[in-house]
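After this come two complexes, each holding subunit A, first together with subunit B and then together with subunit C.
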Partner chain A sequence: MNKRLLIILLYILPIPALLVSLFIGPSDAASGGEIFKSVFGFLSGESASGNNPELLNAVVFDVRLPRILLTFLTGSALAVSGCSIQAIFRNPLTDPYILGLSSGAAFGAALAMALVFIPVQLSAFVFGLLAVGLSYFVARKNGNVSVISLILSGIIVSGIFTALLTVVQYFSDPFKLQSIVHWTMGNLHNAGWKKLQSSFIPILAGILIMFIYRWRMNVLALGDDEARTSGINPEKDKLLILLAATLASSSAVAVAGIIGLYGLIIPHIVRMMIGPDNQQSIPLNFVFGGTFLLMIDNLSRTVSGFEIPIGVFTMLLGAPFFIYLIKKTNIGWEQ
Partner chain B sequence: MKISKAIFYLIILISFLLQTACNQAVQNDRNVEKNISVTDFRGKEINLSKPATRIVCLIESALSGLYMLNAENRIMGIPSAVYNESAAAQYAVLDQRISDKKLSSPGNWDFLSMEKLVALQPDLVIIWASQQESIEAIEEKGIPVYGVFLRSFDDIYKEIDDLGKLTETSPRADSIIGFTKHEVAGINLKLPAKKQKSVYFMWSQGLLETSGTSSTANELIELAGAKNACQEPQEHIVINLENLLQWNPDVIVMWNQYPKNPDDILNMAELQNVNAVMHNNVYELPPVFWCDLWTLKFQFAAKHLVNYCAADNSEKFNLDLEKEKMIFALYGEKGEELIK
Partner chain C sequence: MGAINQAITVKNLSFAFSGLKVLDDVNTTIEAGKLTFILGRNGSGKSTFLRLLAGLLAFKNGEIEILGNKSSQLSFAERAKITGFLNQQHKAVFPFKVEEVVLTGRAGCINFIPKKSDVAMAFQAIEKVGIAHLQSRIYSELSGGEQQLVMISRLLAQNPKILLLDEPTSHLDFTNQMNLLRLLKTLVAEGLTVVSVLHDPNMAFVFGDDFLFVKDKQIIRSTPNFEPWDAGFLSFVYQSKLEAIPYKGRAILVPQIKVVTG
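Now for the complex of A and B:
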């Protein structure tokens, strides 16, 4: 397909995806027909239409809409953060969780669930940030942070928080244990306006910073010496981009739970489709990351009578698509 | 205008729109007339203007309580586990809608479909108090939530009393609580410490999963005049096999855990020196519906324990008669069908 046409399509894709998602759900109270009837009634000036307009409003505007928006933002945050982290680390195997974010957040959430009196979302956010901060300071030596030591410290910190998570799980009763395990599989079923309100500002702020710095990522991807030659302070820029990626992804993880490998797969898919230029791939990760997660979530909330954790579907659907792209194209990193 | 600037302004615009939408949606706290008021296990006051008539109950034990209160016509949603677990046959007897699989299940207590729940238009949701995130999401939609957390038999009495108030069935609640307290008074054995047998309570997750002293299992054991082999303070605990050998319990009581049975424990080579195994004192409680420790039916489990611990192996209670008496008292007319 023509690359320009593909990019235009990717930019337009969220609009139909967001609208179609409003019509999808497990309840008959807000089926496509009911929503059309209600909209038609509204446009033709009737005050109330359909069988139960109040219920229709509640399902569409209090349940589906906040969930759709939160899902879109979560997917966008993970994809943009993954793309940025891969760019600054010059490593295609990294993702937002590489510095211990997911393990820290999972421990924070588990601790809150076990102790009850701490808000789960806040605890996940704080411990996610704490884990990344710890990884950064462990890796810092003589004022410098090398990529290798940062990734290694991330693995160690991640291991520590995973061990702490296991301790909490071990001492939790079966009900709490089940909740903790489910939280780590993705937690979008509890989405609501309050969660959206508490998360969209840090998510969008982080994405905005990464968007502004997207051209610098191209320079940073050349190497530190080349970046300095171009008048860029690579340490400062990397730290800022890392902070922005952590802010966006930890806010997303705090409200949506852990959606494994999403921040790794989506940037690669986008790169395979449009190439490695971060100027283009950052905004396209925003639209495609959000849209793809939205489509997966639509499946997870409709495929059976009860909720299936979204993390299951991201892997079951994302992985074959990823494999297909690997077979069809090259990985796109060397282009 | 360059596309990058357009995207920048678009993100700012999205932020503004989201903030406006969130502010409008979150301001839906309703002023409720306080005609009925109870405090749930979170310490939160639940206020209803009228008795609940559309209840979604996501806890199986509380659901059992609602049927005991004859409030089945008020139940609109049940945990999906009810359709799958061993108690499905009994619930099918209690409610034709369950038998026909027509009673909606928006999920279990942890993984629930918010859309299905809202579509049921409940005026009360009953859920475990520890499910903070689900509770917040439900309450955000203006639906009252009664959070349950059971640690003792007194908590079960409180739960039934509260459900009675919320469903305007307080006389029935008083009646079944009174019956249970009377039965418990008839069981309550106060034996001198020397005569107390030590009981190891084994949950369905496996041999090493037990309950410590702050649990309903502990209360059950003490009610039967025995002492808990596990004196750790935790509610649920996974122990080491060495602990079990050291405690050397006189009786092992298994929570119903089909397909395992007492023979599996009796045949375990590593347990052959344990008193309970040596004297063939390993028992399995009846299926959960008949002696759920989080319902008023805990009395039946206690009576089993009394028989298991009887010093001369004589049975203090005729369990068939006790079962009939309890089921008739707790479930009324449907009791006969249940017993069949």
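Now for the complex of A and C:
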């Protein structure tokens, strides 16, 4: 397909995806037909038709709309962060989940939920950052961070924070426990305006910084020596981008739980479609990352009578993808 | 007068890697507008010296002056306008196009997003090196020789006054080696200063203007007493018995062959 046409399509795609998502859900009062009737009725000046206009309004605007927006932002945050992290670590096999960031942020958020007096977003960010720092520190050997050692250290760090998360769950009272467990699996079903309010600023701020630095990532992806001798301070830029990625993805984890491997899959799909140039792929990760998670969320809402946590879907989708990448990419096992 | 022609002046430079001394009180100069080769054995400190010149290694003792600027006081962006650096080998992780790789050479002059003029300079550099046909190809899928040419285009897009190259021919076949060295000679003829580490002294003597030898933590250059291609001197530098064969006023060195038979 023509690349330019493909890019235009990717930018338009969120609009139908957002509209379709508004129609999907378990409530009969807000089925597609009812919503259509209500909108049509409103336009033709008739008084509200349908059986229950107030309920319809509540379902669409207080339940579905915030959920859709939050899902979109979460998907965008993970995809843009994943793409950025891959570029600055020069590692196509990493993302917030593999790096341990998600587990760290999840532990931080759970801790805050259990203890009440710490802000959830802040705690998620701090522990997400701690996890990334730890993964990086463990993987670094003789000034080098290899592809494999970063994956391995991510596994260990992720394991530590998952264990700590279990400890938090163990000491939580049953009411809190239920919400923590639900949320850990990656879940957007109790997303509301309040959750959106608490998260959209840090998510968008993080994404904005990564957006500003998107071309620089091309330079950083070439290597430290190359960046440095062509006039860029790689340590400073990488730290800033990493902070931005941690801010966006830990905030996403704080509201939506662990959505595993999503930040790995989307940047690769975007790269396959339009190439590795981050100047183009960062904004495309934003739109496609949001759209695709919306579609997965729609699926998880409709495929069975009860809601399957979205993290389960992305994990089942991401794992074979990861295996495919290991087989395909010429990652230097020796490097 | 002489000072104006110095591209690089090194004074009392010492450098150690985790306590192990690599360079000890080095004093030398590199002339502007010339093709200077740095020669010496493996592990002698050639690459270390070049990386010190490129600002990739920090030194505590001594001073390096580059076109009148104290090296230790240059910012990344300032330095990029003066010197460009080419690594021995570059491994690409992502399948960037050649034009995208070359454009990154402009990084020092680009705030966040490249301007049209930056893209134009990248294309000029690509044409200058004669790889316009590779422009839209994937960098990581090119041969070693082509990749080196791309990285040299990247340096030209950066547009520094001095090129510092670390064994640019080490992974190239004979033809590509010659082509690359010819290109360097052309760039020097057009006013650039090129400093390159090289393994092969003969290639250096065929193409180069000036020669530095790294030996015993020191940098030696020829004196009026002996030419750089002096057989005795090179036998000392390379620790192997060599014989000089005259070539165009210079000499080509061949090893003395001593076959031990039972």
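A few remarks follow.
Throughout what follows, the second predicted complex is superposed on the first by the 245 of 335 C-alpha atoms of A that agree within 3 Å, B and C clash if a C-alpha of one lies under 4 Å from a C-alpha of the other, contacts with A are read in each partner's own complex, and residues count from 1 in each chain.
Keep this in mind: contacts are C-beta pairs under 8 Å (C-beta built on N, C-alpha and C of every residue); 3 or more make two chains touch, one makes a residue touch a chain.
Note that the structure is a prediction, hence the values are computed from the model and not measured.
In the overlay built on the shared chain, the residue A:Tyr170 is in contact with subunit B alone; subunit C does not reach it. Contacts of A:Gly192 after superposition: subunit B is touched, whereas subunit C is not reached. Considering which of subunit B and subunit C touches more of subunit A, the answer is B.
When the shared chain is aligned, subunit C comes close enough to touch A:Glu226, but subunit B does not. In the superposition on chain A, no contact is made by A:Asn144 with either subunit B or subunit C.
Common to the subunit B and subunit C contact sets on subunit A are residues 212. If you check the complex, the residues on subunit A that touch subunit C are 87, 90-92, 212-216, 218-219, 221-223, 225-233, 271, 275-277, 279, 332, 335. Considering their complex, residues 25-30, 55, 58-59, 61-67, 69, 112-113, 116, 119-121, 170-176, 178-179, 182-183, 187, 189-197, 200-201, 204, 207-208, 211-212, 283, 301, 305-307, 309 of subunit A touch subunit B. Contact residues of subunit C toward subunit A in the complex are 54-56, 76-77, 79-81, 83-85, 87, 90-97, 100-101, 103-110, 112-114, 154, 158.
Across the complex, subunit A is touched by residues 4, 7-8, 11, 14-15, 18-19, 21-23, 25-26, 80, 105-116, 118-119, 121, 128-134, 136-137, 140-141, 203, 205, 234-236, 238 of subunit B.
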